[in-house]
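Mind looking over this structure? Questions follow.
Chains here go by letter, A, B and C, matching the order in which they are written, and residues are numbered from 1 within each.
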């Protein structure tokens, strides 16, 4: 090699990957492919009717459910149970969570209690709730409320703990009242954590809906799914499950909207 | 009355199905190894007798009894090929599986019969004190059931229709939950086999207000069923099973109903399977209380089965275009009630 | 209004942080407190402002704060401490709301302080949209809004790059020249101390004691970047501090 004229070669690029980029439409494509596969499989017969329902039949079942008016008859009680139960559980959870975050005595008293009831499968308590709150709507509200309560408490006091202490010191240094500091600094500061906790709580509420409708529900999406399961009616079972999924997606989208509105200061 | 005990949830049902959806059994010669599903229930006594007294072995069947906690998974296990024969009540789920060509009913097992203690109609104490002393007073009351499309639903609905009353049906998934709800007055009424009904009534928390047989005489409560493949392609094996099963029925009936054979010996035999966790002295009354008519020769009351199918269809619980032939293979046993 | 410290000392558990600090903060002057890291200068500022209680000695407020003063002892923090969910105007109005000042009256004050800090066009911006220098200007504007008797400034320029720091020093000099506020200015940066301090208090390493107080007579508005007199003062301060700083640097944290 000539020392005065060394060979020049491009520096090798080695910095690629490890950076997820959003790819539009891929999710929808996967969905479509899975459904098309199920449709093709059930039509050609290599997936038996016992294994999986035909997607087009599920759609037909759904259409029937809609035209017969039964959809609303099942959907309205379920949505009411979700709304009332989750509203009770979430609001109680936020109050208790904020109290734990603010008061050492409440924290010392309640954190162990919350830790003790968090892992209890709430479904196991359903018979107890039936005795306490009656077999009608009371026990269903209670189950959903109880199920959403504990994750909300944990998310909320975690969020309050994570509020920047220097902001609180700042409030104190300007002589803000205790109530002002809670309302203007602690709560808004905890809001992102509370909202992301809400995502988990509301998903749990939807999961618990099926459990809540195990006992004594004549109408409701959960009751519909349980009935379809007992009847081994896969079309109805899947139609019901799809409805739950859609409810989940709508709840998630609504929360996303709420986050954008409440947390527009973030990004 | 096999579908009377715990029903599993949808998820468990699905799990059971998906676990082995394509398992198939291969045909063979004599001394076939087969699996028979059973619940630890007096109504399954024919299987226990045929097994214990060697009737299955005599018929060239090497039987393994598989015990289940509930009827629903048993039906699914037949559909998946994990077991070959079982006994259960006709339910919407069973009909649905028949429509999917998974199973066939090939015989009868348990019937209501006038003169033999059968299923009881129960009222909660609160409802009873409120005047529900006969089924005719059930108008506007709630009736417990495991799920829509269960045999409870069928019985309650037929009772209501004949009394001209309207009832609300409360799905509670499990027998334990129904008993709890009835005892605490959350529901008003229920119907159940005598060996559960009588101790409940004895405690005073509930009251017997009627017999199911008054409304559904000759009700074909449970049936023998197998996979469609066994029914169509394994005729020899299925007949051998039914013959041995029938011998079990005959022994059971002779001992427990006709009293022409040793009842104590029969109770001893059944006690090996049913209430085995209780001492014999305590188990015996329950076993005796549970005595019901098992169909001689596994005969099937087609009128009752047809009525049940029609009811499930009229309630829109199963497809309206399922024919009785899809559900029942009538070529195996005596058909009655036609 | 003046602040007087008499024999102030402070402990955290069994760690002595400050020992026998006696000091006057005269009205209308900026007193800079410098010292090696961990000498307790930020603690001293929190004691002066009442955010912590001294374990020994007395901190006195001499004379009354002016009648229109909403918050006599007002901090400016190193990390700005702006509420990210409030706009620039919202952050200023935060400290007015608790005094019942809202609407027209609040707007007047906000306009005034934003004008004084050249933030008028950022009125509706979110903190995340602002550079560090702008954020600290908002923090200063917020402090001005309560018309403080004494400003307690805790390393206010330390989170900024050196160019922004120069710009803000000019701004602070401009503000002081206009109103001659009283301030305690804590910094580890000797260049800031010689540019802004009428008096420079030199603390020893932990436990912090006053090792020297230097007074600079040059008017603030005549002190400029690169001034040889200031650089000589800065060099002198560094000579006095160097050994202490080295010893502090070599110390294990938390004993």
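Here is the rule we use: a contact is a pair of C-beta atoms (placed from the backbone, for glycine too) under 8 Å apart; a residue touches a chain by one contact, two chains touch by 3 or more.
This is a predicted model, so every value here is computed, not measured.
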item	value
Remotest chain, chain B as reference, centres from CA atoms	C
Most central chain, judged by mean C-alpha position against the global CA mean	A
Whole-Å gap separating chain A and chain B, where each centre is the average of the chain's CA atoms	40
Separation of mean Cα positions, chain C and chain B [Å, integer]	85
CA centroid of chain A to CA centroid of chain C, Å	47
Of all residues in chain C, those that touch chain A in their complex	49, 51, 70-71, 73-75, 77, 79, 81, 83-86, 94-95, 97-98, 126-128, 142, 146
Chain B partner contacts - residues on chain A that touch it in the complex	48-51, 127, 130-131, 134-135, 210, 214-218, 223, 225-233, 237
Residues of chain A that touch chain C when the two form their complex	164, 166-167, 169-177, 180, 184-185, 188-189, 191, 263, 265-267
Interface residues, chain B side, partner chain A - complex	7, 9-11, 13-14, 17-18, 21-22, 72, 75-76, 79, 91-93, 96-97, 100-102, 146-150, 168-173, 177, 180-181, 184, 186-187, 317-318
